[in-house]
Amino acid sequence: MPLLDEDYLFPADPQARLVARKLYEQIRGLPLISPHGHTQAQWFADDEAFPDPAKLLVIPDHYIFRMLVSQGIKMEDLGVPSVDGSPVETDSRKIWQIFADNYYLFAGTPTRLWLDHSFQHIFGIDEPLNSDSAGRYFDHIAQCLEQEEFRPRALYEKFNLEVISTTEDPLDELKYHRQIRESDWNGRVISAYRPDMVVDPDYDGFAEKLVALGELSDCDTMSWQGYLDAHRQRRAYFISLGATSTDHGHPSARTADLNDGEAERLFHDVVSGKANEEQRDLFRAQMLTEMAKMSIEDGLVMQLHPGSWRNHSRSVHKRFGRDKGFDIPTATDYVSDLKPLLDAVGHSPQLSLILFTLDESAYSRELAPLAGAYPALKLGPAWWFFDSAEGMKRYRELTTETAGFYNTVGFNDDTRAFPSIPARHDVARRVDCAYLAGLVTTHQLHMEEAEELAAELAYGLAKKAYKL
Amino acid sequence: MPLLDEDYLFPADPQARLVARKLYEQIRGLPLISPHGHTQAQWFADDEAFPDPAKLLVIPDHYIFRMLVSQGIKMEDLGVPSVDGSPVETDSRKIWQIFADNYYLFAGTPTRLWLDHSFQHIFGIDEPLNSDSAGRYFDHIAQCLEQEEFRPRALYEKFNLEVISTTEDPLDELKYHRQIRESDWNGRVISAYRPDMVVDPDYDGFAEKLVALGELSDCDTMSWQGYLDAHRQRRAYFISLGATSTDHGHPSARTADLNDGEAERLFHDVVSGKANEEQRDLFRAQMLTEMAKMSIEDGLVMQLHPGSWRNHSRSVHKRFGRDKGFDIPTATDYVSDLKPLLDAVGHSPQLSLILFTLDESAYSRELAPLAGAYPALKLGPAWWFFDSAEGMKRYRELTTETAGFYNTVGFNDDTRAFPSIPARHDVARRVDCAYLAGLVTTHQLHMEEAEELAAELAYGLAKKAYKL
Amino acid sequence: MPLLDEDYLFPADPQARLVARKLYEQIRGLPLISPHGHTQAQWFADDEAFPDPAKLLVIPDHYIFRMLVSQGIKMEDLGVPSVDGSPVETDSRKIWQIFADNYYLFAGTPTRLWLDHSFQHIFGIDEPLNSDSAGRYFDHIAQCLEQEEFRPRALYEKFNLEVISTTEDPLDELKYHRQIRESDWNGRVISAYRPDMVVDPDYDGFAEKLVALGELSDCDTMSWQGYLDAHRQRRAYFISLGATSTDHGHPSARTADLNDGEAERLFHDVVSGKANEEQRDLFRAQMLTEMAKMSIEDGLVMQLHPGSWRNHSRSVHKRFGRDKGFDIPTATDYVSDLKPLLDAVGHSPQLSLILFTLDESAYSRELAPLAGAYPALKLGPAWWFFDSAEGMKRYRELTTETAGFYNTVGFNDDTRAFPSIPARHDVARRVDCAYLAGLVTTHQLHMEEAEELAAELAYGLAKKAYKL
């Protein structure tokens, strides 16, 4: 018996299931567009073999280790690298065994679907992962990873990727992206411009990073205009290597629209370290509007990922650093926060601002009404904790009636976990087909419309929204 | 093939569908009660033919044009009248073509169901609307509108309306309502008293409107008691022409219960223009409690529609005025906001305050618990962005278990779009039948109870709640 | 025809229903674990007959009387005891008749399912309750209650309870718990330590209660260390009689982590009555962290029930006292509120803090991400207004994908209404089986996994989480 049934995630009702299956059959072969994510360009540049199963699948995946930690397993026993020099487990086989012993914890989670999908479709495994099968799994996957066909470029092709975007900061010289471009490989690996570290005064090492940005861009980043020019220049550089988007990970969706003098004074207070908390937040807010204005000039699509309280656990942050599963969503107010930006540029036909949320209560109350009115706004897909079957279903239920399908932008896998990419897209495609099947079965859509929409949701909308 | 299947919106499960269909069959013939809406009394008074399809169906409907605008179409190209004198498209056929070209955008939205229902049941059309059929649609509907049987009164009867309420402000002399009463036509068109413009100090022209209110009522609206008396008098006038309700569209649900001296001082600060933002908000809050007290005296049912950030887009407001699809919901706190009013009059058997929300997170957290306890409170139906199949389903799922069915008040179409009224009621009736069918199929209700409830939800509750 | 069908609450889809039924068959016989509730230890100590039907089922149940009150029936006519000495109805038969006349109001609510389940399974009734059957119901139930087999201990056994926890405050001497222990009866009735009245400076009579705590514990409760010692001692006493948990009903989830000096100074301001509102709230916040630290020492599992605005109606509170159906939920922020406690002890393997909510928007946004990361946190079941079929379904849908099943703790009936306990557990078990059946039918879980999980959700998780 395969790990995942052919019909997984299709509706229980037989009639609706038939419709979902039919829709899915028509779109399952479409290439994958991955317009936002966190894979490493170096993988595709160097095309070296991935390390062992634990290093590939467990240690870097915060979805996995946070769940194990929540049940009392120690981060260090899972080999998560410490930043304070304290020792962590290095025996990958041991780490894998702990993971396998506790794999039952993922019942009902998307991680379980993604992993089973990868085990089955990438590694050809059909026995369930548990304490008993752990060793066989480890050996088999380890053997696979040594093969040519499991190298990053081969997998990119096997996955039927048409394009994949990584995310880099302005100080990144994108040397791996250049290397890929200059190689004879035809894969399309592009970057997205994520300037948080030189936009957020609270970012670790902000001051030094500003200096570095000045050096790299040959702009006077201690002056407001020079600082903006440095952004313009780095954006142009990213564009020259294929980038089509920027990405902004702010604590809130707050924007501002100060006049030039105010903005300049604020910048100087920020640079000189005199800015208080409110001013630093205002600076982040102002910079979103500045970025939107640059997008109008250079055409980069803008993405806003607000509302995560990063590194919520002080001790985990101190011992293990960022991105360790302790980023917790908070309530987000888009309506007042976005107003300054929207009043400034919300009707510009050149701007496309894609909004994400970790606060589902905003979908129907704020996000769908905003995106269903402002031409500059689009809704990003269900994000992070909501990149899941129920999460995506609620996303459609909560947004479609007000914003329709065409103010959404298809799927983002947004992942560091390269092997999970086909699984994530497959889950999204199935959930969307199931949703459309529900509309067909209750006679809210005709079948031909559903077929067209299925292709748009799986492929077309992402391609258009991200100008790919 | 008809545009809408006979079974649209019924559950996919065959057993549940049978039950829904049976329930629906029993109530589909019940007259429509339309206790809250924004049609024009003049239509029924003058009974003149409606203008062409674009002027009837597209230009006045903010559900439609905001969606088109969100996809980059210009408001002026849709013929939406400007308030700043800038020219807009006047060729109705051109406007209709743009609308038809983009009709696919409404897939999955209630607008699509309402329109298809109207096309099919009012105008007898069975081909889908698209670029190709646009002209035929225009011609056919235009021809219909010239016929006697498509005049407002004829449609009122065709729609099986038992009563329809419009909404007017205190300065309105209700001459069309009087004209209808004095005519030989038997339709029941009543008004609802919506005093926002003389209650909200931030309303455009508040000061002049207060003067006008004084003249109309012959009360000294510069004194607190005179101002309250003016309200009493205008309410009595509305009642004399059939009104049974008031309606209040406030930014929040905030209420206050000041003593007489405080209220009087606040009023004077407001009238003299000295009141700051907080005081102006407090005045709105106090006036809700004053209105509740008047309702206890004169029996008008009170409706509160809070939580919309009106005219969110500065530029749209400036160029096109109010009600142009850029009203965006905000989070609303009913629990602390309503407490002053509830402590004052929440247990009065003479008061009936119907609460609406644009913040669904309040349904189960605040509104159902409040309405499931306070005798003065009832829950209005799913409103505006939630006047939709999923919206109404969530409304029932989120409120019934705590507040039951009998603390709800049936359906409101709340629309400016007269031809959509049968469609809106039909959607509501089907969704409620589907919900009841779910309870029957999972043995939470007996069939006879569901039959009784279906009739209450479709007809009985609205009639009782609004004293019609 | 029985009041409740054998398949009630199972999915409509026949395939999913078969799966749900099969899962349910395997767990329906498991004993009931009731780890949190509000029954009276005295019932089991004295084992006297319950009084008449109205006194047993109507008068003490705020779910019932608040619904009747919301429809205009007077609290006094339902026999709810007043605290201001005003007379209330004492004729139980009259009260029962009003209840029966209005039983239709509960259609679609969990109260209806609980009552029908009790009528059918405890009292063997199969005709529906209504005006006509009211008298027969009253007579039949009254006769039953006189029988030996309807005494508290007999019902405990009939209900297949394995353990039941009551809730007492630190001043309670637990004499009935002792009496039960010393009796020859084998039922397990334990207490939970609920210190709100000596932790919350706003509690009625806080100052006197502090004095009483000092006397009872022989500690100097006017000093910070003495006060903490008094808690330690009372906790130890509760533990000696079987308690395994504490319970905390705070207005918010706010915690604090002051240093010793700050905490001591705050305590003195609180004790001396000088503390302002913010300080009193800070004291409650600090005490949650103190309680967590004591839990690390003595092993008591900690429960936090925040977010209820108690006694929202001033007049009901004044005339009828606490717990009269006018406790209204408010929005709750767990992410910033819990941070001080979590930074202090959130990674302690000795701590288990079970979180409840009345704000469903926090499930997926805050609670599942927190519980899916911090080892000290677990999610309590759907609580109070959400102890219902839809409420529990949403709970699973909103938490499972992020926190899994194993960060949840099974079911709590949390009730004063002893006869409803089997019904409440039965509803929870059926809803969980239906949810699992959905996952099986859509191939997200294998059947064997679902079988294991069904038993965990019905029995295993509660036993482990509460150390029973």
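We just call them A, B and C in the order they show up, numbering each chain from 1.
The rule is short, and it goes like this: contacts are C-beta pairs under 8 Å (C-beta built on N, C-alpha and C of every residue); 3 or more make two chains touch, one makes a residue touch a chain.
Treat the numbers as computed from the prediction; the structure is a model and nothing was measured.
Asks: Looking at where chain A touches chain B, is over half of the residue numbers used by both copies, so same, or under half, so different?
Replies: On the two sides of the chain B and chain A interface, the residue numbers are mostly different, under half being shared.
Asks: Quote the value, from 0 to 180 degrees and to the nearest 5, of the angle by which the CA atoms of chain A must be rotated to coincide with those of chain C.
Replies: So the angle, rounded to a multiple of 5, is 120 degrees.
Asks: So what's the Cα centroid distance for chain A and chain B, whole Å?
Replies: 40
Asks: Identify all positions of chain B at which a residue touches two or more other chains, and write them in rising order.
Replies: 11, 13, 331, 361 - these are the residues of chain B that touch more than one other chain.
Asks: For the complex, give me every residue of chain C touching chain A.
Replies: 11, 13, 15-16, 331, 333, 335-336, 339, 342-343, 346-347, 349, 361, 364-366, 368-375, 377, 397-398, 400-407, 438-439, 441-446, 449, 453
Asks: What residues on chain A touch chain C, complex-wise?
Replies: So the residues of chain A in touch with chain C come to 4-5, 7-14, 66-67, 69-72, 104-110, 112-113, 128, 309, 312-316, 325-331, 358-361, 385-386, 388-391, 394.
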